[in-house]
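Following this line, the structures themselves.
There are two complexes below, and they share chain A, which is joined by chain B in the first and by chain C in the second.
Up next, the complex of A and B:
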């Protein structure tokens, strides 16, 4: 890197140092303090977290929630990206607009509209009862199932856009060559398109996963207070119980838990070229 | 002629504009400016409609109303401790007053500067700041589904309401107050919450939803997700005003609630204006206006005649108002964290 490049990075680096690194340091110190005034140091909050199975279960449920939402997102997002990348340019613009559309409204609005859809008197239940599929309204809201569905929809653009970017950069001749050599559509998808798009898939998974596990608004509005995930746990400790040091400690633990999963996903990118070659 | 703007000029002008944005607003504005916290929903609407215009008329100063829950206000004051607080006037429920006073975040109220203070009912006078209203809890129910108003908290446990009962998490005042009231009725006290938790565990088959916050809780009623649940008098009045099918029934064990009060924040930028703002809220004219539907803000000034929905079930006279039972927040407050944790542990599917 040349010194000119370094200078260009400086403003952002300074911004990061002041508004991200410094608060993070305060958070670390707070998590190691006996009280919010940060008078004495202690590891008691970490000990408390790691010696209580209840905290584990919240952390585990949050990670599992993120994995489920990411997989669902991938299941629906990949075909959308694939169709999008193969569409004619005019249609591509329309499809792309539809994919980005959800980002243009606030996540609070999107989540509240899901309450209207999933509620007892909601659209889904009205349809199910109208068709005679059920006599009693189904319980969709305040269940993990509901949270996963809403997260998958809310975070969908984060999955589709990276995959689409990688797919549209891929040389279309490779797929043509595969077909010319006798492979069918499915074999081409499985052997050529999918391996080549893996970097996009992994990037999409990282974005979707990180956004899903930290999605305080969606988790609390759709899951209610009975399903406690880490963001709500932190919020309750910080604001409800005024226990800032413990809230800081679980924030740090949560951050590392998310980072580990992101790191593992990142490791996969190193496998990708080999997969593509095969 | 062409005006050429050099890069240096452009950057300089940009920097100057940027720096100007950091100048105190009062330097430009005519008159003074106050920042006052208010709660979301009913409170913010009533304060914007009646309190702000009356304050401006009285002092000539303008006011920005910052919408924050009591606990959020407390957190921000703690974070800003020793520096410039984010607002001059705090609006707290009783438990936060005790925390804020203990931590030195609110100043003693200068009674001598507040003309309306002496007219408050004695129960609503407090050295940390006057009570501006009371919040009462009762049994909220959907009159479309439940034709006879429930008369006892025990109605929530009635098997016919399986899956139809709502609750709110304990980080809301409503949640804690309901827990404490059930605890008292089932023979517990501030040192022993076992009866309340036992009752909640028994209630679980009936519970359809637990709102994570009061906004989500209101949605439960709007979407008719629940038919019966503990609720707050003012929130019910607001929802009724929006044609949501909800009514409040006060159980035969009597109304129970807590006071809501206003406080001058320590190191406030405009302490005198803050007192004037609070005093405006004590003004009988302002309190009478806020008592009208859909706000039905319960008055604390003895010169305000009680009327409307409040007289149906809560208080017909000032004497009734003064008798409304409250909780021992001094004992409850330190346990809040432990109660929230226990609730999360025990009250799940």
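Up next, the complex of A and C:
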């Protein structure tokens, strides 16, 4: 029975072997090759990446961008999940629908609407100038600040959903008990609700971070040509410069950079039960 | 005692106030852009301005003559359809197998199939392109569909696995002991019970494929241009109001599809 059941996994496993694992292996070999025909092996592309400050700074900026967008998502996403988990079921469905709506809408469309909002004569600048906050239009497009704002909006649902899942499984009596024992609301949040929801927070951070660093459309349209992040760097080297081995090397480095952060965040999950007890 | 009580009440109020205010800001932040894009697309003038100078549907009418955009939209729909169908079939089969096995093999497969969600999709898209060229082939629609299946199947897998954990194994035993074949048990017992999970996952896979840029960027060319890439290039080069109209149309269609998915598959409940 057991072996017969695992057979059903085979079609998808075959697709992944041929069209996921094999391409990634070829990518590794390509990154270690002197040229696109893969004649000889070399580590020159990796050496080039890590000895050139320009490449290095792109990787660093991409990681920082991901961290900033993730923190902004957390600042708003956690309260949404908190309010949602306490709302009556009808309101909960409405709120959840509003949260999911943006992630279903095409990312190009969402980013485009932000161009209308952040542009020199955009909505935000008109409001700011109308209120007399500034006489000159503010520069919001093509800045890191703009990219972080838009990424936070685009990826917010990825933060809210895992937190909400964990929160709605948590026993509400625990928070009540904390209050009955005299802890205030903020103290209960900090000492009870937050530690208990930490697995959801970490899962949300992992999803938001890995989506933010690879968000090619948002990064290129809001960041413009001057702000280069890793996805655009890979695209330019692969398609623009036609330098496949180097593009492959930076793809591999990028994947490792993402996986290391995901791994570190995952380690936190294993620490949390102990942290919650103490 | 009295004073302490009043402090606690004030504190409770302050927390609720702060969190409700942040949620209210976030909701405006989440919904505002979609509303603004619809209003902008209704402008009567040549330029993208908010608020628009006068309302008209002229840019939506102009979409009727946007041949390239229509062609790209059609390609996207075809690719998303096949990607969703293949993801649904392969993902449901895999989810059935994974949910029944407690072995490490099952968990390893689960991790493998979910990994496209975490790995940079752009790096995978490039890897697929390199791989296809190494095989001596060229990118084509079938390869594009397979690439989309790899990045879309995690959605089906997740919702279907969640639905399967709710399934009582006693029902399967009952079905088998009453003489039903395994296929019969699947069709008459399992599928009706996990159908909403599979449906929600397939819907998510369809939307993810329709919206995909990182993989299409490498596996689609001028002949097989997909809609998100066409729009991306439009916005990068010559921003015109037709793009806003196309965006408005996408927002409205997405909303309608989501309401349908909510009605028939309980989308919001499946995503938690």
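The rule we apply is simple: the second predicted complex is superposed on the first by the 266 of 278 C-alpha atoms of A that agree within 3 Å, B and C clash if a C-alpha of one lies under 4 Å from a C-alpha of the other, contacts with A are read in each partner's own complex, and residues count from 1 in each chain.
One rule holds in what follows: a residue touches a chain if its C-beta (ideal position, glycine included) is under 8 Å from a C-beta of that chain, and two chains touch if they have at least 3 such contacts.
Values in this document were obtained by computation on a predicted structure and should not be read as measured data.
Novice: Assess the superposed three-chain arrangement around chain A: do chain B and chain C clash, or do they fit?
Specialist: Because the two structures are overlaid on the shared chain, the partners are seen to clash.
Novice: Just to be sure I read the superposition right, which of the two partners does A:142 touch: chain B = first, chain C = second, or both, or neither?
Specialist: first
Novice: Name the contact category of A:243: first (chain B only), second (chain C only), both, or neither.
Specialist: In the superposition, A:243 contacts chain B only.
Novice: Return first, second, both or neither, reflecting whether A:54 touches chain B, chain C, both chains, or no partner chain.
Specialist: First partner only.
Novice: Who does A:220 touch here: chain B (first), chain C (second), both, or neither?
Specialist: both
Novice: If you stack the two complexes on chain A, which partner ends up touching A:13: first (chain B), second (chain C), both, or neither?
Specialist: Second partner only.
Novice: Examine A:27 and indicate which partner it touches, taking first as chain B and second as chain C; both and neither are also allowed.
Specialist: In the superposition, A:27 contacts chain C only.
Novice: By residue count, which of the two partners contacts chain A more extensively, chain B or chain C?
Specialist: C
Novice: Give one of first, second, both or neither to describe whether A:228 is in contact with chain B, with chain C, with both, or with none.
Specialist: first
Novice: Applying the document's definition of touch, where does A:122 land relative to chain B and chain C: first, second, both, or neither?
Specialist: both
Novice: Touching chain B and also chain C: which chain A residues?
Specialist: 112, 115-116, 121-122, 220-221, 235, 238-239, 244
Novice: Quick check: in the complex, which residue numbers of chain C touch chain A?
Specialist: Of all residues in chain C, those touching chain A are 7-8, 11-12, 14-16, 18-20, 22-23, 25-27, 29-34, 36-37, 40, 48-50, 89-91, 93-94, 96-98, 100-101, 103, 105-106, 109, 112-113, 116-124, 126-131, 134, 146-147, 149-150, 153, 207, 210-211, 213-214, 217-218, 227-228, 231-232, 235-236, 239, 243-244, 247, 250-251, 254-255, 257-258, 262, 267-268, 271-272.
Novice: Hey, which residues of chain B end up touching chain A in the complex?
Specialist: Residues 71-72, 74-75, 78, 99, 163, 167-171, 207-213, 216, 219, 223-225, 336-337, 340-341, 344-345, 347-349 of chain B touch chain A in their complex.
Novice: If you look only at chain A, which of its residues touch chain C in the complex?
Specialist: Going by the criterion above, the answer is residues 2, 5-9, 11-13, 15-16, 19-20, 22-24, 26-27, 30, 38, 75-77, 79-80, 82-84, 93, 95-102, 104-117, 121-123, 126, 153, 156, 161, 164-165, 168, 179, 184-186, 189, 206-207, 210, 213-214, 216-217, 220-221, 230-231, 234-235, 238-239, 244, 247-248, 251-252, 254-255, 258-259, 262.
Novice: Could you please specify the touching residues of chain A with respect to chain B in the complex?
Specialist: 36, 54, 112, 115-116, 119-122, 139, 141-142, 220-221, 223-228, 232-233, 235-244
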